[in-house]
Amino acid sequence: MKIYFLPKDKVKLLVESVLDEFQVFGAKAKEMKFEFGKIDTAAELRLDYNTTILPPVKTFFPNDEKILEFKPNGQTTSVHENSKKVLFGVHPCDIHAIEMMDNIFSTPPEDKHYLERRKDSIIIGINCNTPCSDKILCYDKGTYKADSGFDLMFWDNGESYLVEVVTSLGNFLASKFSYFFNFFTEYSGDFHEFKSEYHKRQDFVFEKKLTRKISELPEAMRQSYESELWHEVGAKCLSCGSCNIVCPTCYCFDVKDVVDIDLAGGHRCRNWDSCQNLDFACVGSGENFREKSSQRNRHRVFKKEVYLPQNKGYSGCVGCGRCNTACIAGISLIDIYNNVFSEEV
Amino acid sequence: MKPKLAMFSFTSCEGCQLQILNLEDELLSILNAVEIVNFREAIDEKAQDYDIAFVEGSITTPEEIEEVKDIRSKAKLVVAIGACACLGGVNAMKNFFPLDFVRNEVYKEKASCFPTLPVQRVGDVIKVDYEMHGCPITKKEFLHVTKSLLLGIPLKQIHYSICTECKTAGNVCLFDKGETCIGAITRGGCDAICPTFGDGCEGCRGFVDEPNFEGMIQVLADRGLTKPEIKNKFTYFNGLDVIETINDKIEEFVK
Amino acid sequence: MEADFIKMETGYVPVEAKITKITQPTEYEKVFTLDFPHKEHLKFLPCQFVMVSIFGFGEAPISICSSPDDEEFQLCVRKVGSLTNKMHSLKVGDFIGIRGPYGNGFPVEVLEGKDLLFTAGGLGLAPLRSLIRYVLQNREKFGDFTLLYGARSPHDRLFADEISEWETSEFVDFHETVDIGEENWMGNVGLITSLFPMIGIDPEKTIGVIVGPPIMYQFVVREMLKKEITDKNIFMSLERRMRCGLGKCGHCQMNGVYVCQEGPVFNYVDVQAIQEAI
Amino acid sequence: MKKLDINVHHLTRVEGHGNVVVNYEKGKVENFQLQIVESPRFFEVMLQGRHITEAPHITGRICGICSVGHTTASLKAAEKALGITPSEQTQEMRKVLLNAEFIQSHVLHACFLVLPDFLNVGSVIPLAETHPEEVKRALRLKKLGNDICEVLVGRHIHPVSMTVNGFTRIPSESEFEKVRKMLLDSEDDILKMVALFKTLKMPDFVNDTENIGLTSDGEEFCLYDGKITSSYGKIIEDENDYLELIKERVVEHSSAKHVKGEGETYAVGALSRLNLSAEKLHPKAKVLVEEFGLELPNYNPFNNNVAQVIETVHCFYDSIERIENLLEKGIKQENYKDYEVKAGRGAGACEVPRGILFHDYEIDEKGIIVKANCIIPTGQNLANIEKNMRKLVPEIIDKPKEEITHSLEMLVRAYDPCISCSAHFLDVEFV
């Protein structure tokens, strides 16, 4: 592991150099919010952003992704995109989400479409000095910091960043640009001490939102299966699907064919889908296995907090707060979790 | 034999037909695949023999009732296009006023020679095989529907909301900007064009199946909208669908 | 070249299968016999399914209705959606896309040496036929074999030719009923549960298998339990919506279980722990 | 003398529904009417009880083809009622959008609806076979108009982001840049279209008339804003006083609610605008007046087709200049919500492809509309079309019936009638 030292006023130069050789994705301003998207100029890239509208992980799992092409002669080809991408400035919660999606899509049978996009991508993380909003629960979830899942990590050190290099890809990038720029000097201080000081400052500004420990959540949640709570949530919910679309760990999708205007060729693509849609669990014969909004809401939360912990050993919620922000009806996971905690006997 | 396609227009702005003419890149390919036999806005031909009839506009006069019935009897498939045909659309605002008042207001002493009926959807008068929503329809959906009809693919209504598409587009939510919108319970399919261009959804594609009206009213009331404002939002395009059901709910939910 | 081929096989790309025979048992169902370019594509277990695709019309999960030991590979397709409608318009010699097989399939070894009580409702007979034929082809490995079948009406009965064989066969004790009778129907009329009083089984050594429409499971399970078959000896195959077949798209999920991966065949003990299952 | 009875049911290749009924006997027009069978939609009533900010979107739906125009007139009326003057950037953008609507509408009319008459094919479908290059080029030009609206305001039919005092979304500089490039890339197509129309000969026919349109003392060829001007001399400075010139009236012999200006009938539209202020056209359009041999003022209604082609060229070059100016000044993110709602009345007039358009609203202190009125171009032209026909029929009466019918259709078509927005016309049986 190497630690570099990067003065903040040199960041723009670094981004410019990276842009010369890679596709760069990062946060940029969109009205009064931020979006995570392709960066065209170094000036666009913002490292001082709060949660982006859509999460970085969707770079590897885009909506309306072409997966197959079919030609009039019956020939079918699988479509894969593989371009070297740099995700510049990813928050720890989103790094956790990417790690989780990596695991989901690489669990056999693997999803080559995701993995191809992901394969050569370099992830540059940036730690959070302050919480993004009051809708987040990354502090409770422990996802306000990340130990893995990135190639480089930027640590704010006042006038400069400390750049932590953890992978060979990260090393590749850092050394590539340290050759071009002389400001990449190795950091001589005690990095462990720096880190613990940094986290102490975070402890001071980040707030715990849940009334109990996160480790108690799956069990408390299991107990709530028949709770009245879900009917209350269901009554409020407009089944609009926003929570799923903005979630960095929602990966349900629909597959559809699009035929060309010549009616012969075309392609098959997959689109983001939402388990809150009325017909999400409808079968051909018309039976709907989650016809009530309360059931669908419960399914969304249980998938994150019961099923994934049970099947995979991790929670499906990284506490980024996007769903809480997106819900115009005011449904919030923070409230749901706390209600579940208070109900449990 | 190319399938014969006919376009008909009733009470409307004819924008949906124009949307079809606006498919500049695809128009010539469409002409290769189908024979357009009736399209008053573009061509002289007027045939009585057609397979697929696209019908635009609401039904508002006795003559239109007869004409649309005649179309049904001749066409194998009838597709209602646009908010006017599928929902009543903006035309339905007329139904909130007494008909005599409406006529007198515009035509004064000549009002009596003016036949007009309460606005109806095409589907209220004849059986419709598919409803292509929107004010106007989207070019994308017209292409999708036309290709599907030609290939014999059964058509299904889009089931997800405008919000799904709006979030997918990565938009800043109208509510975050202090605006309101009824995209959460409106049927998707337009790629959330209005919110994308900074304007709230007005519901031109009709409501999703099983819309949560109570929840939506509550959300709007929480944002400070008054009863008439909420009513106006719901009746912009969907007057025929909601005017009775929604009134009581608005009374109940809005202080 | 070879690596490419393997990659394609593991993704969404189907192999082309040729339709060699079509029969139509009912107004809404057709049975398609398929021929594959390579024999290994035919390897599967009873109650597994494949994703059938026709470009432009999409994909749908379809159960395999032939036995692994059959020479022929067959799918029984009910006309319900865009893909299945299109399939019904296809002719012998046409091609369709197939990927799979997917799902766990039936654990045939647990049946060996046991008495069998199979219950099929409606289209559920299609996937179960795979197992029925397998049992009949390997009859010596199993004990008594009772088969119950319920259709909506006499003209909704699937595989009528085979049913006639089963009726007279000494290898299977076959009973059937229809929900709604017709003038020329001489058989039973009533729900499938009405067949249970007619049968006698040894609960100690009987394995129950249920495949049918969602509404049926609760009632048939109750009958089986009444016959004192234990939880762990009851198996069922469940239907869910599927988009990928690869345990990703989320549509087939019931609680924490992806039916396309961990199902469609479940033991009743496990089903009881899955609230959304039946 | 022959007796002629022509009844063209559902005139084709016009926007909206119109029937032509002529009954010619004993050497004079016995009975004549351009019937409007389009069912009325009562927008003036529908607007009552709606908030003034809703009006532009509702009235934009009066007509799919003049959607930007209706929205613009409605916005101007609303802003007048509220006492708002929108920013220069807003006004410039609106002018670009109107230009785009003119391009798309004029190209649709000239190349798809009119051209088949001159090339002797029934419609654009056979035209696509006989003149594929011309059709493809026209499609590209029509698309240009649509695409400009798509980039700037979401779509042409019922534009999304046009709102009171500005835009709900202001396009980025790169989007303006894109529009500029789209325009520049189309220059060749525009020039070829002009060349094609130069080869066509319009029928000879003259019928003197009053013209009404917007004019200014300044340099601008007025489409968005100006004084309401009659060629007979009267000029209305304040849009709110438009009724001093434009008089709605009920005519006994016609069921339609007619409009008159200084004289009994008047014309609006491309040819009227050229008659009123051709000298202010963009230089590249102005030279075409002479190249087409168009002597102004011109009273051959068929020349409206030519005037449209000239205006298309004007709108094209005018848009490029306006966008370049906007880009030079830099695009500002302005807040449209920056105004107070108060009671008032406002009328807005602007030119749309078919002529001058008026919207007029009265609102209460909460901004709720209590009274509304719209006067659309086709309504204004209707009496003039009838007048032309009364003169034309005797001139061509010796020709075969089909030819007469065709000529009358061509005449109506030349006015590019947008009948669907004719909220005021009745369908009355003639005996």
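We just call them A, B, C and D in the order they show up, numbering each chain from 1.
What we mean here is this: a residue touches a chain if its C-beta (ideal position, glycine included) is under 8 Å from a C-beta of that chain, and two chains touch if they have at least 3 such contacts.
Keep in mind the model is a prediction, meaning the values are calculated, not measured.
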| item | value |
| --- | --- |
| Chain pair with the greatest number of C-beta contact pairs | B-D |
| Distance-maximising chain from subunit C - centres being C-alpha averages | D |
| Gap in Å, rounded to a whole number, between the CA centres of subunit D and subunit C | 65 |
| Separation of mean Cα positions, subunit D and subunit B [Å, integer] | 25 |
| Distance between the centres, which are taken as Cα means, of subunit C and subunit B, whole angstrom | 43 |
| Centre-to-centre distance between subunit B and subunit A (centres being mean Cα positions), rounded to whole Å | 37 |
| Residues of subunit A touching at least two other chains | 259, 263, 273 |
| Sites on subunit B at which at least two other chains make contact | 151 |
| Residues of subunit D engaged with two or more neighbouring chains | none |
| Every chain pair in contact, whichever chains are involved | A-B, A-C, B-C, B-D |
| In the complex, subunit A residues that touch subunit C | 67-68, 70, 74, 76-78, 104-105, 107, 109-113, 225, 251-257, 259, 263, 266, 268, 270, 273, 275, 280-285, 287, 289-290, 295, 299, 302-303, 306-308, 310-311 |
| Interface residues, subunit B side, partner subunit D - complex | 9-19, 21-22, 24-25, 27-28, 31, 36, 40-46, 60-61, 63-64, 89-91, 93-94, 96-97, 101-102, 105-110, 113-114, 116, 135-136, 193-194, 196-199, 202, 228-229, 232, 236 |
| Residues of subunit C defined as touching subunit A within the complex | 7-8, 10-14, 16, 53, 55-60, 78, 80-81, 84, 95, 97, 213-214, 239-241, 243-244, 246-251, 253-256, 275-276 |
| Subunit C residues touching subunit B - in the complex, by the definition given at the top | 56-57, 81-82, 85-86, 89 |
| Interface residues, subunit A side, partner subunit B - complex | 30-33, 35, 37, 53-54, 63, 235-242, 245-246, 258-259, 261-263, 272-274, 277-279, 293, 325-326, 328-330 |
